[in-house]
Structures are given as C-alpha cells and as structure tokens.
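Below you'll find the structures, each written out as structure tokens.
One chain, chain A, links the two complexes that follow: it is found with chain B in the first and with chain C in the second.
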Partner chain A sequence: MEPGAPATINQSRDAPVASTGPWEGFTRFLGRRDVLPFLLLAPVLIFFIVWNLIPTLWLLGLGFYRFSLTSGRPPRFAGLYNYRSILNDSGVWIDLSRTFLFVFFAVVTETLLGMALGLLFWNSHRLPGRRIALTMLFSPMVLTPVAAGTFWRLIYDPTFGVLNSAIRGLGFSSVDFLGDGRVAFAAVLGVDVWMWTPFMVLMTLAALASVPKAELEAAEIDRLAWHQRLRLIVLHHGKFILMLGILLRTIDAFKTMDLIYDMTYGGPGSATQLVAMTLYRRAFEAFNMGWSSALAVILLLISIAFTATFIFVLHWRERREAES
Partner chain B sequence: MRPTSWREHAYHALLWLVALIFFAPIFWIVLSSFKTADQILAVPPKLIFTPTIANYTKLFSSASFPHQLFNSVVLSVAAVLIAVAVSFLAAFSFSRFKPPGTNFLMFLLLSIRMLPGSAAILPVYLMYVGFGWKDTYAGMILFYAMFSIPFSVWILKGFIDGVSPRFDETGIVNGASWLRIITRTILPQVMPGVIAASIFNFIFVWNEFLFNYIIGGISTSNIPVALASGLYSNGGVDWTFISALTSVYIVPPILVVYFFQRYLLVGMTFGTVRGEV
Partner chain C sequence: MATKEPALPSLISPNEAASLPRRTLLTGAAALGAAALYVPNIARAAGKEPHPLAGQSIHMSILGVAGWLPSSLGVDMSPDFARYVKDRYNYDVTFSFAGAPFGALFQKAATSLATKSQEYNIIISDSQWLGALATPKWIVKLNDIIAQDKSLDIEWYAPVVRQAYQVYPDGTNSLYGFPQVGDIEGIFIRKDWLEAPGEAEAYQAKYGSPMPRTWEDFEKMDLDDWKKLVAFFNRPEKGYYGIAMQYSREYDALSCPLISFIRSMGGDIWDPKTGQVEGIMDTPLNAKAMELYKSMLQWNPPGALNYFIAQVVDAFTQGKVFAAWQWVATGATMVPDALKGKVMVVPPPGFKDASGKLNRNYVIGGQPWVINAFNDKAHMRVALDFMRWWYLPETAANYLKRGGLPCDKATLTSPGFDDIYPWNRTYKYMLERSSDFWHDPRYAEMLAVQQEGWTGYMTGELKDPAKVLKYIACKQQGILYDEGTAQTEPTGACSGIRL
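After this line comes the complex of A and B, so read on.
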C-alpha cells in the first residue's frame, strides 16, 4: 500500500460525523487500523487454535507417552520410547519406503502420460463437444476414492472381472490382480494413475496456455524442430506450472489411503500397505495412541518439508516473473 | 475458418477416444447399476441386456440411504459456506493489512492440509472423544470447515491481491464502512475465487471418507462411509447396491466439473495457477 494512503484514510475517519452515539463509537473502534485486521482474522484464528494448534500440541505431547486405549491404564511418560521403537521397527521403514516407491512411480507415470495427453489436447479448441469430452476426462478425479477402490475390485476380479475376461479372450490365463502379492502393488498403482493422470493433463494444459503465441509463431517461421520448440519455448514458459503440479501430486500421492482402504486394505500381506494405512491400523485398530502419535509427528515433519518445497517453487516463480 | 480436413477428423476422433477410455470405468459402474446381481457377475461380462431399475428403487426405499444422502449434503454445504465466509475475511486481512506472521500463518495453514488423513485425524479423534463431540453435526461441520479453510484462504488471498487497494480508498473517502467496502466492493470482484474455493472444497467434503468414519457415527455418516461399511450382505459383496449408490453419488461432482470447468484449475491448485484450459 502506498505510504500516502493511510494518512488520507485517517483524516477522513477522524472528521466529525453527524451522529455520535455509543454504537457509532463502537463501530469506529472496530474499524481502527490496529483492530480491524485481527477482527477479520479472528474466526480463522479460532478455528486454527481449536482444531489445529491444540490437537497438534496434544499429538506432540502424546508422542512421549505410552498410551493405549485398550489397556485402560492412564498414559505413562516414556520419553523417547515411542520414537526409538519406530526407528527400530523394520515394518515401518518398509512401509515408508513402499510409500515413497508408490509416490515415485505414480508421479512419474502420471506426469509423463499427463504431459503427452496434454500436448495432444493442445489444439483441441475446435473439438465438437469439447466440454463434455473434458468432463469425461476429468471425471475420475471427482469420483469418491472409496467407490473407485471398491469398484476396481470388481473390474480386477479373477473370475467375474471384465479385465480378466479380456485377458482370457486374448488367450492368457487370468491374473489375480489384488490377491497376488507380486501384482497387487502395480494394480493399485494403475488405479491411482487412472484417477490422477487427468490432473496432470489439466496442469499441462494450463502450462501450455501460459506460452506466448508470438514466440510459437516465431518458432514456426524459424522452422524449429518440434523437440526444440518443446524445450526452448513450452518448457521454458510452462515449467513452473508443471513443477507445482508435480509437487501437488507428490503430496497427494503420499497421503493415499481411502483408495486402498476398500480395494486391498493394505494386503495381501502388506503388499499395498502405505504409511497412512499403517498409521490407521496402529491407531484405530490396535488403539496404540502413544506410538501412533509419534509416527504422526514424523509424517507431519515430512509434510512440512513437502510444503516448504512447494512454497519455495512458488516464490522462485514470483521472482522470475518479477525479473522478466 | 478453414474447412475440416480428414486429418482434423482423425485428430478429433483420437481425442474423444482418450476421453472415453478415462470415462470407461465410470461408464461400467453406471451400466452395472442397471443390471441384476447375476448379470453383474456374468462371465463373460454382458454389454447387451435388458436394463432394470430395481437397484434404484431398492436404494431409494432403503431405510438408511435418504438419511446418509442428507448427511452428505448438509455436511458439505454447511462446511463450505462457513469455511468460505471466514476465509474471505481472513484473506482480506492478510492481503490488505499484512499483520505480523502472515507468511508463517499461511504456511502453517497449508502444511496441515498436506498431512496424511490418518495423522491429521488422530489427535482430533482423542479430542472429540474427550469432549463428547464425536458423532455430532456441529462437530463434523466445524471440523470439515477447518479442513476447507486453508485452501480457501490461499485461493481468496490470491484473488484479493489482484484487486487494487484504490477501491478500498475510494470507499473510505466516500464514507463507506469497512463492512460495506468488503461486501459491496471487494466481494463482487473476487466471485471467481469464491466459486473456485466453494466447488473445490465441496468436492473434497462430498467424497471424504476417513474423517467421517472416525469422528462421525451412525447419525452423521455420509455416503462414502455407507459405501465402505455397507459392502457385505449375505457373505458376498452387494454389487447392485454399490453400483447404484456410486452412480447416484457421482452426479453432483460431474455436474460441477461440467458447469464450472474453468474454475477447476484454480480450485485444484488453490489459486497458485490460473489460466484457461
């Protein structure tokens, strides 16, 4: 805000008003520059304190206690016991690495496929029924994940599933996608790719829309090869949008839980057990709250790292745009 | 305009093919909802059959469905209204007055939203059990509102930043109160942001399962919880129930995507990316 602005504002407010009852004085108090900002923030701050700050502090504290809802004993202070127990629990480490593997494969596949399809849809403005086609393309994103997970179980079913019918039709023997530990991970990954590739298509289309037309026309005149156009013009202008998309997808894939809940419940064995599911089982099946709180704190730190990276890219983009 | 060449026809056919491939599983769900239980499990799968609406009549006459659908609507609409209203005020404050700690608070708000659901809900569950807020409408709505606030604040702050402070100054000089400036001058100009925040959070709460399952209960459970828990009847999965329920439930989000397509990008990137697609 310009330095000159507040002076005029104060002047106009300090000017005598026709009627000055107690109500008038109260509203003027609420409108003061040192009161109003916090008044406007108050509802969000209350939400933040009651539903975020207090629970998070509770979580931090509980991580230092041995506390199980099933034992009926009050929480006992145990220092770093829970954290040490997590560090020594190979199961957690395996679940965590499986989650990162899932995130990696999901994000790479969705990004590459999404970019390819985004480029394909680049010149689609004359497509008849474009809006309906895009709605159909984006529809997997808005399907309830639980419903998606459930129904894909039927599609993947070894006997009744439509996918295995096709496989048998091609002369191969049917595959137990979700029952076989070797393929279940890939099968779940496949559903995630189906649901979230459209998101990367959306981001790619946004990135392509941000490319200046003049530069593309110049490239046309200069007869640049398509890979040069892609690298020098499209990626140059669209890289930040794509990076933000990749980061959002990374964060979201890390959170995957609803999809798995009904499709495999982490099974068979622990073949599709991602860390959000591990935490769910320890907290709401075993009711081991102290241990689960410690794990939740570790996940919170990972989420903060993701968010910090996201904000960093956001600021980087702002600086670049300010420069150019 | 140049005439449509055969190449362009082929290109358009390819685009439609891609769209149809992504839509196919959902089409299969809807198709299954018009089949009998035996037809759903027929080997090989039936594409041509006599459709039946028995699944839908069964669904709508069931005891729990209307109540759960009502819960889904109430929770998502109430939570989004509250969240967008308070977020708008906060976003205005962040954008115009930049109170100390603005950046830090914006960061904290976002990082909560980035936490896996089971970690976010764990302390809230203990709190709700302790306070007796579990399975209450107020408890559920306020929790969902809290979860919708971060993205709403981010979206709306971006839009309010785009409205020149000159508008506020003009209003003040003319003797308008802040309330009047916020509601009459700023709000109409950031309507696209309000719509984007509303539809994104609506879709989120509409589809949300885990939080409802853990801090909800019989009286506040929504359709996703019904889908997950009402699966088994007589030892097998009740696919007629699931397909009919899913087909009904996906209609509002799909209509939102169709009618508010240009707000989808802003909503899904909480305002950090804008543009036409």
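After this line comes the complex of A and C, so read on.
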C-alpha cells in the first residue's frame, strides 16, 4: 500500500494501530479485499494449471507430431497426419462403435436397475437390516476394478469357475464366458453393471430425498396413481440428480479400461476391445505418442460432447416447462 | 570378477618332502588343506581390495518381471552379492525390486528412462526390447566394458545367447545386455498319465503305433504325432484336455509359438537385413502355419483363447491338461511339489521338410540384464560389480540350484546338468534350435499389429488367413519404412487395407 493512502476497512478493523514494519505491511497486503480471494484460490489454480491445463495443452500439441517414444528421434511436426490416420483406421471406428454400445447398455441397465432398487429402499427406515443390506449393495462400487475383474475372471472360468460349476450342476454344459467372442462382451458388461448399479441406487436415493414430502402427501390425498406420482413429483424433483448420475456414469463407462485390461485384455480377438483400451495399447505398448495424443483429444471432445448434450437436454426441458 | 586367490607358499622343499616319513607327510598335507580353506578369509581379513566405494553405502533398484521366478531370483540372491562386496571391497549395498507383468514392464522402464531417471539402476529387459532401449541411448553400451574386463567376456552355450540377449542392431558387434535368464519353448507332459495302466495298450490299439514314452521318442515326433497324442488324452467329458497353448492377445502370447510354427515350417516373418516384410510375411506357407496352430485349439481347454503364461500354468498344475506348451523358465512353477516326479519336459514338435528331415526353429525367450545409462558413477560401479558377481561360477551354480537357467557354456556342460531339473535337457537341446525375432525400436508397434491380426483369426472373427497376413505385412512394412529400417514402402496393394 502506498504511504499515506487511506486505510482500508480491514486495516481499520484489524490493524487500528499504525505499524511500519515489513511483516505488518505484508499481512496488510494479504488482507486486502482485492487480493485475498486470489490468494485463497491460488492453490487450486496452481494445481489446475500444473496438472490439467499444461498436460492438456501438451496433449493437444503432441497430436500434431509423429513421435515414437522408443525411436530415439525427436518429434516431427506432421500437421493433421495423426487425425487423418485415425479417421481412416477402421479398427478405431469399430472399437468406438463397440464402446458406444457398451456405454448404452451399461448406463441404461444400471439406471433402470438402480432406480428400481432405490425405490425399493425409499422410506424403508424402519426396515430391519436396512443398513446391512445397503452396505452390501454398495460394496461392489467401492472395490477397485482390478480386484473386481480378477475375481470375476475366476468366477467365469470355464474349467474351475464357480458359475460354470453351478451351470454344470443344473445339467447344462459350460459356457466360456470370456473366451467365446459371442458372450465375452456381455460377460464384461455384466460385471460393469454389477459394479456400478449401486452408484445409480445411491443417486436415486439422493434424488428421492430431494422430493418435498408435502407434495407427496398432497398427491396421496388427491389419490394420484403410483406412476403419476413417480412422473409428476418424484422425477420432476429428482431429475437433476438422476441426470447427473447418468452423465457421470456415461463419461465413466466411456473410459472403461481397467476392467477390460484385467478380464480379457480386449479379447478374445477384439470382442471386448473398447476405445480406451485401444488408446492404452497404442500409447503404452506401442509408444506411438503422437497418434495416441490425437486419439485422446478426440475422446476428450466426445466426453465434452456428452456433457454438453446432457446439460442442454436438462436445461431445454426446464426452459420448456417454465414457458408452459 | 573371478580373481585367483594367492597361491600357497611352498612350506617344504621337494627334497625335504622326499625324506619325511609318510605319516608326517599326511599330517602336513591335512594341515595344509585346512589352512587352504581359511586362506581366503585370512586374505580378506588382512586387507580388502581397494575400491572407490569402500566405506560407502549404496542402494540399488532392480526392475524386473513381476511374478517371474528368474527375475525374482536376481533379487533373492542379492544378499549374497552384498556379502561378497562387503568382504571383498568393503562397501555396503542394499537392493529393492520393482516389478511389472510382461505386458507392462517395458512401459514401466521406458517411462522412467525417458525422463533420464536412475529410478531403476539395473533392468531385466525382454530380449526384443534391446533396440527400443538402446536407440534412445537409455542403456549402457557394453563393448568397452567387456573389452576391459575379460571376466565379462563369457563363452555362451550357443551363439543365439549373444544374438538374442546382447547384440543390437542384429548382425553387428554392438553389445547392450548380459543374459539374465535363458529360456526356450518346451512341452511339459504328465508322465504319470503316459504310464497309467492300460493307456499304452489303448494308444497302440487306436493308432497302431507305440505310445511315446522317453525323451528320445518325443525328440522324433512331428506335429502329426503330437496331434495324435494330445487327441488321445483329450477327454472333455471327464474334464481333461489334451494340451494348453497360448492364444491370448496379451503381449506376445500368440506371436511366439506361431512364429515358431512358421519358422520351423520354413517360412519367416521378415528380412532383418532389408526390413522387408511384404512378400515374406504374407505367404501361403505362413497361412498354412496359422491354420495348423488354430487346429490345435480343439484339444485345448475352454477359455484357451485368453491363455497366456499364467493361464497355462493354472491349467497344467490343476491337472486339467495332459500337456502344456510353455516357456521352460516357468519350470519351478509348472512342477510344484505335488507334481514332482510326474512331469517330463520334452522338445516341441519338429516339422518335416520336403526331404522328411525334422526341423525345429523356435522363438527364444529369456531376458537380459541391461544397465541404466543415467546411473551416477557409484551406481554404475555397483551395477558392474553385480554383473561380475552374477557370472562367477559359484553364483551361476547357486542360480541354477534355485531354478534359474544360466546361459554360460561352463555351467550348461557341467556334469549332471541335464538331471538337476526335468527341463534342463530340453533347455540345452532347444537353445541350439531357437532364435529371436525383431530387436527393432518399433517392436511394440509391430507386435500390436501382429497380435491383433493373428488373435482375430484364432477367435474366428477373421476368416481368411491370407488377408490377415497381408494386413499385418502392410502395416509392419509401413512402420519399418517410417522408421527407416525398411528400404521399400508398402506396395499399392496395401492402400486402404483393413482387417
């Protein structure tokens, strides 16, 4: 602060006695209203810049270079070569379409199952064993995907797996869940549903908690049918939280890699090769960093598109309802 | 380094010896013998060899293959090295071990080395990575070191050891690695199943020829003979299968045995001198090899399409299969206590050429030690001391005893080597019939393309082996041309090629 400048509010409040030492001057500087907010934000901003912004910009730049980490050569500027190569790569398109299928089936199944289970647990406070049941229900969600993948791989094993043992016990022949290209995709999808349905249960319970009791009581007095109550009151109030859950699951399912890595490594053949696995293999097995960066940028844009679409739909419906 | 202990001084002259009574002579000889046992310790106590690290304490980090016995032996035996250098050079050394599975190990090493880190002072590399590690100058070139220290200039059992684990580029004299473990493809079979009552008679009745029983019988077998044998023991209705082989798309699981088929049948996958792939990879002979390898699936357990090393170990040790096509370095894991005495390890099938001669040209496994080029002086010195110690005869003997597979001629030709473990004889035999494939820096990219195509064919996703081979040839030709290894770019036939 300039000498002789008028005292700020903070000064008058915190430092009524004028002081001239450097430390006091520094603390007065920190206490200024126009400085303090930035100081408080600084750690987050620094973290964001170092860990998000710089790597993202680096990634964007690297996508325009041909660069193999193991060739010993410096990166060579190649313009849009990597992007053209990806667009002309039928394998990437097939993996991408397989990923969209995975996302669609996973998110739809998890949402429907999650909502159904959430409604079952709604207003069940007096149900004996509710807490234990909820804890058990949520436990798959808190497991690391690698652990879940490992024990599901063993459960699915066609020779000594417990699931096939049960199938054989019922008189049917074994199913090669992860070795048969026709069923491997569904088998991996099943594990994802098992892991992440609890998340949608959690979101549903949160959504249901946001529903005003008065409106529900009024609906009960008015004798609204259950589906009308669900649509007009429950979903009306809980849709934002549910949509948030769907959005998070969509983005997360789109990135699925760890589960695939552990269970099938994308196989058999390419039956379970999702695009995140393709990215992993090209980046960290083939070390083709330029190409992988370009693919990562494309996947980032797709994720952003998902988010934007969901937010648009949510706001569009809100606007429409407000207008009507 | 193997330095000779100081010679014992002559305590009595030859003339005196001749005049001494026999008992005195024997007593003296016994005393001398006892003294000889203590002389090394006396010498050590008297004074250790001068060493720049004397009095210092160094920590070394080794990166190796997780869950892989030969890698872990390198670390398990490190306390012996610590004692050795303490006694000899008076410095302390401790070790830590970082590991990753085969498919992720190179990634772990490369991402660390790319930042010029000495996080891992010594790395157990896979043989095919030498080019990828040497080209960016991440690992130490060893020619000068070996030239100055003859104890590191070791005579290997077969030329392939040097070619696979030391040399890059192929055909040159540039050395980058020291063999850590040798490894070859062999077949583990259940001897007790072969010897079970009634089996030999049933086999004879079914095929009209005697059942193979001895190692020599298996040496003479071609793929057709093997097919008969594994078909005979394939009893899925009882939960038993003929053979477990690797078909996974992970790392090089399928590539190694399939390339062995291709080469043993007289084909190849590229020309290392010109980098040419097209016209070598995409041949009818290679397509035939793919069909043959796929035909073996019918005698594999369900789920074999995802089999890599660990899954084959599981299938074999759980008694689900009669035979397992496997790297012999897994021997200690493949033959647990419950199976000791019940397992034989034999050479994989030969392939008859036009003259009827059996050919075996299999892919070599195994890993070399490589030394981080970013090590500081102290760590570099310890790394080299470690290598000198590793190749001491007593270290090699201890390594062998613990289930490791050395590559030096002295150990492999030592009396009784073949009988120490059931896989030792086959190891030696196949070492002379094995060779490596690429050492190219773009190895990983070429492997990814190859695994994608070949596993697609094995699963039935892709029907035409010729088309798969053409796709692989085109992609690999493009990679090598881009790298500058291949002299010609992909032909017009590769334009827009898809699987």
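Basically, the second predicted complex is superposed on the first by the 286 of 324 C-alpha atoms of A that agree within 3 Å, B and C clash if a C-alpha of one lies under 4 Å from a C-alpha of the other, contacts with A are read in each partner's own complex, and residues count from 1 in each chain.
Everything below uses one rule, namely that contacts are C-beta pairs under 8 Å (C-beta built on N, C-alpha and C of every residue); 3 or more make two chains touch, one makes a residue touch a chain.
As the structure is a computational prediction, the values presented were derived from the model and not from experiment.
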{"item": "Touched partner set for A:269, first chain B, second chain C, both or neither", "value": "second"}
{"item": "Which superposed partner A:40 touches (first chain B, second chain C, both, neither)", "value": "first"}
{"item": "Contacts of A:304 with chain B and chain C, given as first, second, both or neither", "value": "first"}
{"item": "When both partners are placed on the shared chain, which of chain B and chain C touches more of chain A", "value": "B"}
{"item": "Touched partner set for A:71, first chain B, second chain C, both or neither", "value": "second"}
{"item": "Chain B versus chain C as contact partner of A:147, first or second or both or neither", "value": "first"}
{"item": "Touching partner for A:155 - first (chain B), second (chain C), both, neither", "value": "first"}
{"item": "Partner chain in contact with A:322 - chain B first, chain C second, else both or neither", "value": "neither"}
{"item": "First, second, both or neither for A:296, with chain B first and chain C second", "value": "first"}
{"item": "Touching partner for A:214 - first (chain B), second (chain C), both, neither", "value": "neither"}
{"item": "Set intersection of chain A contacts, chain C complex versus chain B complex", "value": "159-160, 284"}
{"item": "Chain C residues touching chain A - in the complex, by the definition given at the top", "value": "103-104, 106-107, 110-111, 114, 131-133, 135-137, 239, 247-251, 301-306, 315, 318, 320, 441-445, 447-448, 452, 455-456, 458-462, 482-483, 496, 498-499"}
{"item": "Contact set on chain A toward chain C in their complex", "value": "66, 68-72, 88, 90-91, 157-160, 174, 176, 178-181, 264-271, 281-282, 284-288"}
{"item": "Complex contact set, residues of chain B against chain A", "value": "4, 8, 11-12, 14-16, 18-20, 22-23, 25-26, 28-29, 32, 40-45, 86-87, 89-90, 92-94, 96-97, 99, 105, 107-112, 114-119, 122-127, 142-143, 145-146, 149, 153, 165, 169, 172-173, 175, 177-178, 203, 206-207, 209-210, 214, 223-224, 227-228, 231, 237, 239, 242-243, 245-246, 249-250, 253-254, 256-258, 261, 264-265, 268-269, 272-277"}
{"item": "Residue ranges of chain A in contact with chain B within the complex", "value": "1-2, 5, 8-9, 12-13, 27, 30-31, 33, 36-38, 40-41, 43-45, 47-48, 50-52, 54-56, 58-59, 62, 117, 120-121, 123-124, 126-129, 131-148, 150-155, 159-160, 162, 165, 169, 194, 197-199, 202-203, 205-206, 209-210, 241, 244-245, 248, 251, 254-255, 257-258, 261-262, 275-277, 279-280, 283-284, 289, 292-293, 295-296, 299-300, 303-304, 306-308, 310-311, 314"}
